[in-house]
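Please go over the structures that come below.
Next, two complexes with chain A in common: one pairs it with chain B, the other with chain C.
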Partner chain A sequence: MFRASARGAGVARHLLLIVAVVLMLLPLAYALGTSFKPVSTLYDLNPVPLPGTLENYDLALTRFEIGRLLLNTLLMAAGVTVTTMLVALPAAYALVLFERARGRSLMVVVVGAALLIPPGALIIPQFLMTSWLGWQGNPVGLIIPQLGTSALAVLLLRDHIRSVPPSLIGAAVLEGATPWDILRQVVLGLLRPALGAVAILLFINTWNEYLWPLLVMPSVEDTTIQPGLALFAAPENPQYGPLLAAAMLASLPVLVMYVLASRRIADAFIHSGLR
Partner chain B sequence: MTSTDLAEVQLPGTEREPQEPETGVLFEGVTKRYAGNDRLSLDLDRLSLPGGSLTVLVGPSGCGKTTALRIVSGLETPTDGRLFIDGADVIDTPPGRRGVSMVFQDFALYPHLTVEKNISFGLRLQARHDRRSGLDDAEIERRVAQVCGSLGLAALRKRRPAQLSGGERQRVGLARAIVRRPTVLLLDEPLSALDAQLRQRARAELVGLHRELGNTIVLVTHDQLEAMSMATHLVVMNHSKVLQAGSPTEVYRRPVDTFVATFLGSPPMNLSTVGVPAADRLAGPDLEARLPRPVPGLPSEVQLGWRPGDATPVRHDADPRTGLFADGVVELVEFTGDTMVAQCTSASGRWAVVVPANGNAPAVGESLRVHVPAARLHLFDPVTGSRLEAADAGSAHE
Partner chain C sequence: MTLSVLSRPERPARPGAPARSARPRRTGLAWLYFGPVLISLLVWVYGPLLFTGVLSFLDWNLVAPDVAWNGLKNYETLATEPEFGNAAWNTLLYALCTLPFATVVPCALAIAMWKRPGRASEVYRVLLFLPVVLAPVANALAWQFMLDPLHGTVNVVLEAVGLSPVNWLGDPHTALLTVVLVTMPKVIALNTLLFGAALANVDRRTVEAARLDDATEGEITRRVVVPQLRKTLLLLGLLSMVVVWPWLFTNIGVLTRGGPSGATDNVYYRLYTYGFTFFDAGTASAAAVVIAIVFGALLVGYSLLSRRLRVSR
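Right, the complex of A and B next:
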């Protein structure tokens, strides 16, 4: 009796999950199908692109020059990831040292509170600041303000650093290591998997950034892929075929990266206690 | 006159005490109070760990022994007091410059580094920090090879800690600690992570290593057997304080109080409260002791202690002139190999006696009479539990 009802609950849960997955994948599947359709059948309701064509992809690459947009995006995502890690790792390490020396630290609460600020609320002040600094249309202005979202990285890394046994750090201290030595030679070595996961997470998030690049880099030539796609969808003559083909190409790098690293990313969250 | 010179000028009456001992570790008025804790976690009036000794700090968990060790290492800062290593005040010396190294309870090996990188970690750091006094690569390699050779790690140099057994990890931890040639080597329960058989061997290896290095070793353990078998100097601690320090035989034979008496030795010392009907007689139910000489100034009641190994079963009509006779009924006999331990009940409480395993084994339910020579009796104050020294003076003349 009990077993049967447990199985029933399991089936129900899986059904629910399947429905959710289908609902999430449907638009994606529709976009994927449409991106292979010729102009003549573009507005059919039939999502299966038969006979299919690569014409849209050709247009995306030649007329939209999606290659350059992807390169811009790559540079931005890599830049934000590297700079965020450079800030977040020492910050997280310092937080742990403070906590170990003085007990639970107010700093952790402050960093946590930064997570609660909706990114949209920061857009106007950040936009004004980049204007004052003359960073409009400048890659620096594209990258540096996005460090404002590094709180998540700090907290994730802090949880990983906290799991480093105190005796390991004590042993290094006794061998004459400075805090900087310990960060570089002990913590960094132990945290390599976690660092990879957090970096990939940051990379994917930044890759998908839309609003900030649109504000700082509004010209079609210099912007990144997400606003680029929107700019191509010119309202007077939307070319949905090439647009969807470009969107597919834009999500490909992230998809590949996620497939390669999905287990690491899940691990990074599981081990951090921030689920 | 520079400010350093000024500091050297001594005011009358503030002359420095002669700093003895010249070598080893000296605690002076060292206390430690952790935040949010009313009680002192460590309260050492004065404790000297002789240079070149293998000093073992032993006591139940929470007695402050590990805190004392960590204060020597510098990982912990005392709330108050001074600490000397080989005569130099090191309170303000950072941990890495005290000439102290430590083997941690969990060995604290860096999991991402190979055995040889673990061992050379400190030397390489030192070489990078200070190019003049640091060692060059060839010298580091020579030292690592030497220590690996002497600890049997030569074949494991390229392995990582995860690929090692518990005993091998312990030796790597030890190798990492001694490759820096510390003046004081600290060991925090270094054997507790090993299984029983390995522990026996590791104990012998540590003693051998101490003989070889000749430096001061301070070891912390809660295992009294380990403590007594390894120590050249034994420090028994309880409730943040040192109860007794001395050679293991001295501490074992003349425990200062009932805690030390029962903490050291297995099975522990038998204790019972007895009356003092005359200055040379002690009596309790099923117990009767005659001292060789009257002991002046005994209270009307004392705690009488005797070690299970000092008692021998005797015939019921045996009647030596002095010493203790105890009667009891055998309740349980434990076979331990060479000997057996008979646990007995009597009207004045339970007591144990060690008997040879190859002799006549006492049977459960049998009544047993044992005799303890007067020189092996310990008398303690019934209220404070501290040793009654007058009694020693008396029994020494047997």
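Right, the complex of A and C next:
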């Protein structure tokens, strides 16, 4: 009796998890299968594309010029990640190392309060400012305004830098190391994996950004992959074959990163959510 | 995204610790290191925030040189226009529909994985997290394909079992719920991960003790595990009310553009429509101010709650 009910609970548990996985990932898995189907069988219920074709991918790359959009997206995501890290790392380091500096609590408030403002509420002035700077349709306008999200990176990096044993930093100070030496040799040396995790989080979030490139890069050739996909989908009769092929290509880079470092990426998202 | 700054007080200084006191004061250097972030946030966050406040009292089309003082007229427009009322009502509906997917569903999934750790749970964990990172527009298009009113898989299956097809995104009665369902994988995936992190603090011995007392698995979940997660449930419910809007925005933008006849509109999409379809900077900014105030109230509520509950992961 006991054993039967325990087994029943085990089955129910797997059932719950499998149903969740299927509901959450089925459309994407189905789209993956469909992206390899020729037009004639596109709407078949059978999700397995046999015989398969690369025709949709060919069309996505030639007609939609997906390659160009992916390159734009890579440039944006890399640009935002690098500039954000460059700006946020010294700030996070200052918050930890110069604990006794005057106005340190003001720094914490400046960073913390920036996270409390809903980003959607700022798009009108941010859009106007990029126009006035002549950055509309310019990659600089795509990247620099996204420094507004650097507050999150500061707090994540601060938490990591705090984990450096104070005695190590103290010893370096006694040996006459300058703050800059300590940042380069002690902090960067010890925290490379943790900083990598923050960088990956920034990269993925920027890769998936939809609204800002839609506003700054409205033209089909210069935009990034998220609004680009939406532009291709807009006509009344979307060509689902090439469209889904393009959608799969849009997910591929992030998927590869996830396969290579799933645990680390999950940890980075836990840190950015709650503690 | 992170709200830890609200929930966690600064570490108290430890004046006696030798390593700390070895650290120099160096105020100038500290601000030099902090300078780049300070400038970035002043230019791209605090400046725009003030600017939005000013714009909300103006009448301006974003381009022309003629700008007029509009007093509180923009706010009056929001208060009287049925479109904004509809958007506000829909925002409430979106919030209510999102809540169970941010709390009950991921909580159940996280507990199911936590109860029997092992290879299978690890596979579920990896798969269930995927929607957090996958391209949002790709997800939207995959659903759009499956929900196509004529040839879409969902309707073909419905007809095959004798049910009538549904125009999921085209019918005002179903469109909002459909947009919610398309968005939920991401909410469920993120919160399952965060519930999993919270479960790391739950003492497994309480579960083993209950098993020895012949409690069923269902009873253990309800009476032993969930009570220990009550605070996390509250906080993740509130957190989802903060993070879900950009994700909904993408799906609304790709799938419905607020239609049919305003059925999927919400205040965020309304702001975008005022600003970039009607080029009405004043009304859009007034909407932004209203959103920021409501959002701020939510966050204050969150910080009060989390301070009272002292939840840690």
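The rule we apply is simple: the second predicted complex is superposed on the first by the 223 of 275 C-alpha atoms of A that agree within 3 Å, B and C clash if a C-alpha of one lies under 4 Å from a C-alpha of the other, contacts with A are read in each partner's own complex, and residues count from 1 in each chain.
Keep this in mind: a residue touches a chain if its C-beta (ideal position, glycine included) is under 8 Å from a C-beta of that chain, and two chains touch if they have at least 3 such contacts.
Predicted model, so just to flag it, every value in this text is computed and none were measured.
In the superposed model, A:A121 lies in contact with chain C only, and not with chain B.
Within the superposed three-chain model, A:L50 lies out of touch with both chain B and chain C [touch as defined at top].
Of the two partner chains placed by superposition, only chain C is touched by A:Y93; chain B is not. Once the two structures are overlaid, the count of chain A residues touched is higher for C than for its counterpart among chain B and chain C. In the superposition on chain A, A:S167 makes contact with both chain B and chain C. Applying the stated contact rule after C-alpha superposition, one finds that A:G103 touches each of chain B and chain C.
In the superposed model, A:G176 makes contact with chain B only, not with chain C.
Applying the stated contact rule after C-alpha superposition, one finds that A:I204 touches chain C and leaves chain B untouched. Overlaid on A, the two complexes show chain B and chain C touching the same residues of chain A, namely 103, 167, 170, 173-174.
Per the touch definition, chain B reaches chain A in the complex via residues 35, 73-75, 94-97, 100-102, 104-106, 108, 110-113, 121-122, 125-126, 129, 176, 180.
Remark: chain C residues 1-8, 10, 13, 17-20, 22-27, 29-31, 33-34, 36-38, 40-41, 43-49, 51-52, 55, 62, 105, 108-109, 112-113, 115-116, 120, 124-146, 151, 153, 156-157, 185, 188-190, 193-194, 197-198, 214, 216-218, 232, 235-236, 239, 245-246, 249-250, 253-254, 268, 271-272, 275-276, 281, 284-285, 288-289, 291-292, 295-296, 299, 311-313 touch chain A in the complex. By the touch criterion given at the top, residues 2, 5-6, 9-10, 12-14, 16-17, 20-21, 23-25, 27-28, 30-31, 34, 43, 45, 86-88, 90-91, 93-95, 97-105, 107-108, 110-112, 114-129, 144-145, 147-148, 150-152, 154-156, 159, 166-167, 169-170, 173-174, 179, 204, 207-208, 210-211, 214-215, 225-227, 229-230, 233, 238, 240, 243-244, 247-248, 250-251, 254-255, 257-258, 262, 265-266, 269-275 of chain A touch chain C in their complex. Within the complex, the chain A residues that touch chain B are 103, 165, 167-168, 170-178, 181, 185-186, 189-190, 192.
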